[in-house]
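After this come two complexes, each holding subunit A, first together with subunit B and then together with subunit C.
After this line comes the complex of A and B, so read on.
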């Protein structure tokens, strides 16, 4: 087969999958909009997700150029102060995997496999519109190798690519200093990218205040979830859409949606959802949890409660002080399992303030998501020692295992109730 | 109102009271556990460190061969009584408020906070050199405490000149700076009356100048050396006001460590014990304010929780 034939075949495949991709997203949108608890205030978030992640659309919506972000450790406030819109690359579509799967390892994070497939679709659908740059903190193995994988998969994204070397020990002062150097390097990169030579420290402080304010609003939503008023499906639709619009507009929309959550949807047992991220339109696990009668009142997913880090408390308002505060908050405060000294991540689950809120822990692992998979072993043993009921669900981007998962969740629910 | 604002208001009220209360004939005695400087002519009460030095010196006066008089033990009775009563009042005050004297009431602490605010306004970063040397520097306050106990005794015994009765006050930067707020600049001038006075005067100016530079580049720089903080540490187990941590609730975000003016690491590092009242803590409780983990840090009065950390409080703007 010559190169021309190969390209034609790939083009046909992209078109075919693009149609199915659109169907998959539309199906999920219809499912969300037909829920009895759907309200017009939630339409904003669903529409953001449905509109897709075309950089041009996001740039028009936010008035800022869009930088693709591979993980959440790069301080969002820094992008904001340079007039950029950070956009975290998540992949949620099942069909998009088909475009990247043949070139990639068989056991690999399906979220990134899907993300790489979606990049093909995006490039095809948006006539070559690209992100202004890529920023990749070196978290899990898949993210570390993302640039290579993009090349292998034939994703022709060639804007500037900046890696942030993430120290995997959080508690060492040397790691903190190293990470701060990386934040300074990111600042230099963004400065060269935008041509803005110097940022004012007041502007950086204002950006930090803006994200702090957003976090305050988001905190109220988290509280509603803790109390069982905000169903996880809506909570995650809201958090999934975080990067799709200007942070102020998103925050205002969340504030508007808060009064909607006034009723507890079910009387089922409360659970904590831990593990791999879940992203639109693959909300399968959330629907299954609901169907099994389990109320998720807390989670530690980086696509949900950890979509952006919490309060950054800082009273040294020099530029160095602000950057140091950001660096520490995004590094020390991060509960991602890729860190080596991460026992404080478990504290988030077993903290006295939290443990009375739920009866069990559901651990969601995507096949090939190694950090979470490995972590589940120690987590399970610690939680069981403490008397928590724990269930680990391993799944992939497929709907074929839905019935099996549902049966296991129902059995788990019975064990919690009895 | 946030705790920081409340603290700032309290500090100012205390500053006005301790510095100008004398104009209104207020007298709070000589046992105040903070640097309410007696060299201010309008002061309301004395810093306990001065009373301690003076009483110790006078206690040993009868053993001084040069001392004579009709009743040499009169001074012992007077000084001993003063020492005991002063110590009792001081102890009660310390047990009630613990280190919060330093963070909420000390007028010299407030001056340091003003200087820090000025630095922040100018956007100048805090020095990290001192942070790296902190463990070595923190010993100095115990050395100064020993100095302020031993020197007055030696002065009382006649081994050293009588100026050494107030050996610490003579080199304390509060003596040079605090009276300025009452319009008195005499302590920033050289005292040439005797050689010892000149020596103290030169030392005071040098220390004050160094402290001012240090205080500009480092929050609460003087507190690292303050013997009052060393003295308060002896009461640590008796404090009614406590700082407690629930280690399991901590996410390790580092807000507590970063915001601590004294650069204490105990609150951040502790993973087992509940008591995190660091020996260098000044009781400002900024760590509790900044803690983004629900119920991880608590300020307690006895068993009662008076202020608890929360995600929502920490995220206020």
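After this line comes the complex of A and C, so read on.
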């Protein structure tokens, strides 16, 4: 087969997958919109997800150029002050994996495999608009190698690619200093990217204030979930859509949705959901948790409660002081399992303040996601020593294991209520 | 009056028990096929007529297993892990603490406490290795009835070291062993040991019962060769109930709303 024929074939495959990709998302949208607890205020979030994640759509909506982000340790406020829209790359579609899977290892993070496939689809559907740049904090092995994998998969992305070298020890002063250097390097990178030579200290402080305000709104939503009022499905639709629009518009929509959550689910014990991310349209696990009668009142997924690292407060209002506060918040405050000294993550789950909120922990692991898989072992033994019930569910994006997952969740529920 | 029906709609068979005062008075199983609800209702009708009962004598129908939601006639449904725990607790007179259940397409290890409640459980993931389906496939490859596996493997002196419990790889491994003239008995014994090692791995040290008994349950537990291999691997006595394929259906009848 010559190159022309090959390209033709690939083009036809992309077209075919694009249609099925749209179907996959549409099916989940229908499911969400036909739920009895669907309300017009939630339509905004569902529609954001349904409209897709290609840079052209996001750029048109936000009026800002879009920078792809591989993990959540790069301060969002910094992108904002340079007039950019950060967009965390999550892949949620099963069918998109067909475009990347043949070139990739058989056992690999399905979230990234899907994201790599979706990049082909972006290229097919976005009228030439590309991500302005890529920013990748070096978290797990898959993210560390993402650029190589993009090349292997034939994703023709050549915008600037900036790596942030993440110190994997959090509680050392040297690590903090090192990370602050990285934040300065990110600032230089964004400055060169946008041609904005100098940002005003006041503008950075304003961006930080904006995110603080958003955090206040978001934390009210978290509280509603803690009290059992905000069902996880809606909570996650809202959080999944966080990067899809301008932060102020998103925040206003969340504020409008808050009064909806006034009813507690009737049945089921409360649980903490920990582990690998869950992303639209692959909300399989959320539906199964509901079907099994388990109420998730807390979670630590980076696509959910952790999608927004929280407000940054600081006393030192010099530019250095602001950047230092950002660096600290996004590094020390991050509960990603790729850190080596990560007691804080486990303590967050077993914290006495949280203990009475739930009866057990459901640990979701995507096959090939080693950081979470490994951390589940420590967590399981710590939790069992404390008398908590723990269940680990390993899955991927296929639906064929739904029945066995449901059986496990139902049995887990019985073990909690008995 | 006073009769309860337990239906276990599994992936390879539908099992039914009729129970009075916690005693099984009638039991039967049929292979799973399309139209599970109709097949299950045939069993119900069969039990009622063979036992000279009327529908009014049945107080409750409880369904469990993968097809439980299909049973519209069931007043109650319960997950099969809880049903297994309830059933074995009662049938073992409270002595069981660990259940190893080999189902049609899954493998479960369940720890129960002294009250028969689930303390913990583990299940294999999607892979069919070591499940009932796996044994059926191997029987087909060896062209040997599954019911004779136990007896045949007990005749072999040494098990053969088999590397694969994956259906696909096991097939090529077994075919090449047969081509080399290795007797079927040794292959089957090797197979039992490799499944037993897989179960031991699933069980893990934390799951093995320190007190109380371990029971092997589900259809394949009637295979004496597998039982022997499991005891060898676990270095523990493993018990089997007289009719292990009906424990889950029986346990379902003990469930309360």
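In this text, the second predicted complex is superposed on the first by the 417 of 418 C-alpha atoms of A that agree within 3 Å, B and C clash if a C-alpha of one lies under 4 Å from a C-alpha of the other, contacts with A are read in each partner's own complex, and residues count from 1 in each chain.
In this section, contacts are C-beta pairs under 8 Å (C-beta built on N, C-alpha and C of every residue); 3 or more make two chains touch, one makes a residue touch a chain.
All figures in this text were calculated on a predicted structure; none of them were measured in a lab.
In the superposition on chain A, contact of A:206 is made with neither subunit B nor subunit C. In the superposition on chain A, contact is made by A:348 with subunit B only, not with subunit C.
In the superposed pair of complexes, A:57 makes contact with neither subunit B nor subunit C. Of the two partner chains, subunit B is the only one that A:335 touches; subunit C does not reach it.
Of the two partner chains, neither subunit B nor subunit C is touched by A:10. In the superposition on chain A, A:414 contacts subunit C only, with no contact to subunit B. Within the superposed three-chain model, A:194 lies out of touch with both subunit B and subunit C [touch as defined at top]. Set side by side, subunit B and subunit C differ in how many residues of subunit A they touch, and the one touching more is B.
By the touch criterion defined above, A:313 lies against subunit B but remains apart from subunit C after alignment on the C-alpha atoms of chain A. Every residue of subunit B that touches subunit A in the complex is listed here, in rising order: 120, 123-126, 246-255, 258-259, 286, 289-290, 292-296, 311-312, 314-317. Interface residues of subunit C facing subunit A in the complex, by the touch rule stated above, are 66, 78-82, 106, 117-121, 123, 125-126.
Taken together, the subunit A residues at the contact with subunit C in this complex read 389, 394-395, 400-401, 403-404, 407-408, 410-412, 414-415, 418.
Of all residues in subunit A, those touching subunit B in their complex are 170-171, 176, 201, 209, 212-213, 215-216, 219-220, 222-223, 309-321, 324-325, 328-329, 332-333, 335, 344, 347-348, 350-354.
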